[in-house]
Amino acid sequence: MMSEQNSWIIAWCNSISFLSEIPGWAHALLALISTYCLVIVPSGALMVYLDRKISADLQARVGPNRAGPAGILQPLADLLKLLQKEATKESSWRQNVWLSVHTMALYSTLAVMPLGSMALLVDTEMSAFIPFWSALVLALGTMLLGLSQDSVPGWFGGIRVAAQTLAGSFPALIALLCVGVRAGNFRWSILANCQDFSPWSWTFLSNPFQFIAFIVFVMSGLVLLAIPPLDGGVSMSDIHGGVSSHLFGRRLSLFRFGRFFGFFFWSIIAVVLFLGAWKLPLQVSEGLRAQEAFRFLATIELIWLLAKTFFLMLFITWVARVNPRSRVDQITDFAWKVLSPFSLAALVGASICAGWKAFL
Amino acid sequence: MDKNALVSRLNKIIPGGVLETRRFGRSENTSIWIEAQAVQKIAMALKMDTEMKLDWLENLSVVEFEKVFIVTYFLRSLITRHSLVIRASAVPVSPGSEFLFPSVRNIWPMGLPMEEEAEEMFGIVFSLNNETQFQVKVNRLPENWKGFPLRKDYVFPSQFEDITHSRSFNKSNQKKSSL
Amino acid sequence: MTIISSEPVRADLTLWEIGPYHSSLPAPMRLKLRLDGEIIAQCEVETGYLHRGLEKACELHPWRAAIAYMDHLDPEVAIFGELVLCLAVEEIGEIIVPPRAQRIRIILAELSRISAHLVFMVRMAKAVGSETIVHYLLRDRERILDLFELVAGARFSLNFLRFGGVSADITDGFIERVLDVCDLIRIRIKEYNDIFTFNYGFLKRSSFVGKIDPILVKSSGMTGPNARASGISFDVRKDMPYIGYDQFDFEIPLGRGEGGIVGDAHDRFLLRLREITQSMELLKQVSDHVPIGEFQNEKIDKEYIVPPGEAYARIESSRGLLGCHVVSDGSPCPSRIQLRTPSVANLLAIPQFVSGIRIEDLPVVLASLDLGIAEADR
Amino acid sequence: MRISVFSNIASYIRSVFRGAWSIAESCTTAFPYILRWGELRKEITEGYPDPVSSKTADDLPPRSRGLLFNDIDRCTGCKECEKICPAQCIRVEEEPGANNSKIWVSVYDVDFSRCIFCGLCVEVCQPASLVHTRQYEGAAYHLTDLIASFGRGQITAEQRASWAALRQMSESDEVTL
């Protein structure tokens, strides 16, 4: 399964002499670890910094400016601060269960994350559905965390997160079907290959129904994972943070990282499905592939993909900073009564379009 | 607005309730001094009065003046825009002790917080049915605070070490339910 | 003050105690909620956590120091506390305040009202989780605080009014700066409206939420913007004019129920927004009529002793009717200063109208009441 | 409170678009702040303390009330400030000085941890020795650091005796004159 697709790590390994002889499972493990350490964590740090700096600009303030030049080391300072905090109370077994579920959800998604044509570890017919499983497990972990606390805010937070996740997953799945109808498959490579570098060839502009599907997919992802601006489940002020109200230090940083990771992978998937994936202009990727410059190809594909992802994330952050937070019942109402009908309409329309093209 | 007519009307309903009529301070307002035991009846009469319709207890002020406690009710009508000041005085049985005073919280519900504050600060127990029950609710002061701070003969404690700073919600609630 | 609604307690309800310090509370207070699911079935309010013994402290200090204490009655809007004490003392001593001082007082009071309403909008924005508008509002309130600093030397605790006038004359160009600030805020209000007031999310959060009935307003004695949003037209500035409010032409806005129904949280928000506009209108009128002359009654010097007597003064603070009953026995210190503060009535009304709303709306409802616990507890 | 969107398709579509439009309007209103477009959007919070903000002590308004300073040479030790202070943060101790016109202010402490900067003490100060400076940075690590002492210090018993003698001498001089 991963013989061909993990070629990018083999390409890197071969340049280092003592790594060239290691077996295939070690290659896969190395690929996961390096993805985590070199892509996810730096993206998290960069995104935290950009989020803080741009919302500071938006809100007519200075933003972080003490740690390093222009506050560039602020994410590191945040992390160090959180890590050195003392535990306020003993962790219960319930919290440990949550911790294991949360960690599982975090790392299981890594393998299916599409990070470029060279970096597809798992590329099956059903690849595009696997992140849903991870998102649901992440939400389940969050709910368990809320219920594990012996306090009313925790219970309410857990129940609200569960309600939001249920409400958000239906339109998200339907919106995913719309893309599948266009591409004819749910394999990452095929989903990406039906688009090109030019924005006019991207899925979300191919017809109006795909555009609706894109909007619905992004927003239902926000509902599903409780990401601002639709984060009523975890951040309402009446339960002051809800599930995270009793977390501290390392656990809080893990929880926050889990939330960032959900946001991040959902944005990557949205970019891959709707916003032209990692497609480079002017046959660059074919040319590099012909010259067997796999390392260079993997790098620029990743950078182009991440650039689009960050743009999408910052756009959502901008909307979240300006607009008020909705109540949870309003969010679930929105998901069931607005996103779901629109996603169904988009599916019908996208199917008709696909059928029309087949007849032509 | 004819204050004399009002006083005569009040005298008709509650004979001997009104003691005298005076200017309030240097203002235009009239203040009516009434008998302390007749406060509830006069309050009801003023609220029901067809001409005045004093439906709003704007303020309840307690002043200690030469060891006499003067309770002043600033009344106002939202319908007729009339205003009136009625006052009654009371003297504690022994200095430093609580004493009873008729409450008007069933006539003007907005008087409840003001009466509770006066209870705590002056040791005047506002009661609805004149029952002897010297239980002052503690809300502002610490639970084991001694004395009534706004009285003139109040002496500040020399040391604050034994005074608790925490209050349990349930405890104050129990006191409430006992009343 | 402990307020308990009269309905019997059901055993199957979730008990949740909030406070005294909680992110959804505007100030230290304690709520004991009985929840039916996420709906509040019963609510108890307990306050008293900010009691500082202000009335006693005033009795222990000279008359002039009492003004400094009245600054801290409600630290956000210090001028109203000073003003009500000065009015009461001036009534006792029959002090004539020069017209210039009257106008300066009106200017400061209306500026305070604007700044208090801006802070109210900040609280509202925080309650619904809108972060950006908070910074814009606080930035513009800073302009008003700059004006206070220019005229009084402090930003919050002004200690500027004196019996019989004000402590210092306004500086040159102050009135022009006031008008500049008014123009600036008038431009900004359009921005606030675009970002926040007419935002659909905010409308959904605040309209139809926490409706206060006019009957409840009357029975609890609520005054100020909260009462006016429910349709009770009562404003001390109109009904019992003081410091020359009757010489100016301004309107008292009433709740119209544009977002939802009359008397809901959004109505209270809109009403305060309109009051800001009215205050700026008033400031514009006052600034044309600041006469030249003395700013302090010359008879009132540092050795002034308030004669024996008593008086009761009322003003319209940003939260409602603020009353002050002052008794003097001719000694250097006040004999009694009793305060009637508007937030007490608002607190009294809370348990009677929050039952039936969702707990997610509780922060919005509490913020829309503009509770000043500092002045309620004193 | 609930969005009753299914009651009418048209109103449903209208409310969805109204919501989307208002949110888009909110976002576009705030967007120029990112790029600092226009005069009204240039103003941002000032950095403090590093870099020291554009407002220095000299930029403060003329009446601003900073930390107190007492010029002890002009102070007469009349204790008016101590009497009026609402926070009771001023402590004055004085003794008769070397001659009758001069009073030795041995202790003049201002406890800035209690001071509320109301300015009443400066107002009552007859010789105008007590003034508000423009200094506003008063943070300290210990409470005791916040007590500013302006007094001349306690005098010894010998000094007290010698000054009493001096006073008597000047008194007798006056009598003789």
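A, B, C and D label the chains in the order they appear, each numbered from 1.
The criterion applied here is as follows: a residue touches a chain if its C-beta (ideal position, glycine included) is under 8 Å from a C-beta of that chain, and two chains touch if they have at least 3 such contacts.
If you're wondering where the values come from, they're calculated on a predicted model, not measured in any experiment.
Engineer: What shortest step count links chain C and chain D in the network of chain contacts?
Structural biologist: 1
Engineer: Identify the chain pair with more contacting C-beta pairs: B-C or A-D.
Structural biologist: B-C is joined by more C-beta pairs in contact.
Engineer: Averaged over CA atoms, how far is the centre of chain A from the centre of chain B? Could you give it in whole Å?
Structural biologist: Centre separation, chain A to chain B: 64 Å.
Engineer: Between chain B and chain D, what is the separation of their C-alpha centroids in Å?
Structural biologist: The separation of the two C-alpha centroids amounts to 40 Å.
Engineer: Let me have the rounded angstrom distance from the C-alpha centre of chain B over to the C-alpha centre of chain C, please.
Structural biologist: Using C-alpha averages as centres, the distance is 25 Å.
Engineer: With chain centres taken as the means of their Cα atoms, state the distance from chain A to chain D in Å.
Structural biologist: Distance between chain centres, rounded to whole Å: 51 Å.
Engineer: Where does chain C touch two or more other chains at once, residue-wise?
Structural biologist: In chain C, 132, 135, 139, 195-196, 199, 201, 204, 358 touch at least two other chains.
Engineer: Two or more other chains in contact with one residue: find those residues in chain D.
Structural biologist: Within chain D, the residues that touch at least two other chains are 3, 23, 26, 29-30, 43, 45.
Engineer: In chain B, which residues are in touch with two or more of the other chains?
Structural biologist: Expected reply: no residues.
Engineer: Pairwise, which chains touch?
Structural biologist: Going through each pair of chains, those in contact are A-C, A-D, B-C, C-D.
Engineer: Which part of chain A faces chain D closely enough to touch in the complex?
Structural biologist: Per the stated touch rule, the residues are 54, 57-62, 65-66, 318-319, 321-323, 329-330, 333-334, 337-338.
Engineer: Name, in rising order, each residue of chain A that touches chain C in their complex.
Structural biologist: Of all residues in chain A, those touching chain C are 55, 58-61, 152, 156, 229, 232, 235-241, 321-330.
Engineer: Touching residues of chain C toward chain B in the complex: what are they?
Structural biologist: Answer in residue numbers: 1-4, 17, 30, 32, 44, 46-48, 51, 53, 55-56, 59, 91-92, 94, 218-221, 232, 234, 239, 309-312, 314, 321, 323, 325, 327, 329, 335-336, 338, 340, 344-345, 347-348, 377.
Engineer: Contact residues on chain B for chain C in the complex?
Structural biologist: 24-27, 29, 55-59, 61-65, 72, 74, 78, 81, 85, 108-110, 112-114, 116-117, 121, 137, 139-141, 149-150, 169, 172-173, 176
Engineer: Which part of chain D faces chain C closely enough to touch in the complex?
Structural biologist: Against chain C, chain D makes touches at 1, 3, 18-19, 22-23, 25-26, 29-30, 40, 43, 45, 60-65, 83-86, 116-120, 123-124, 132.
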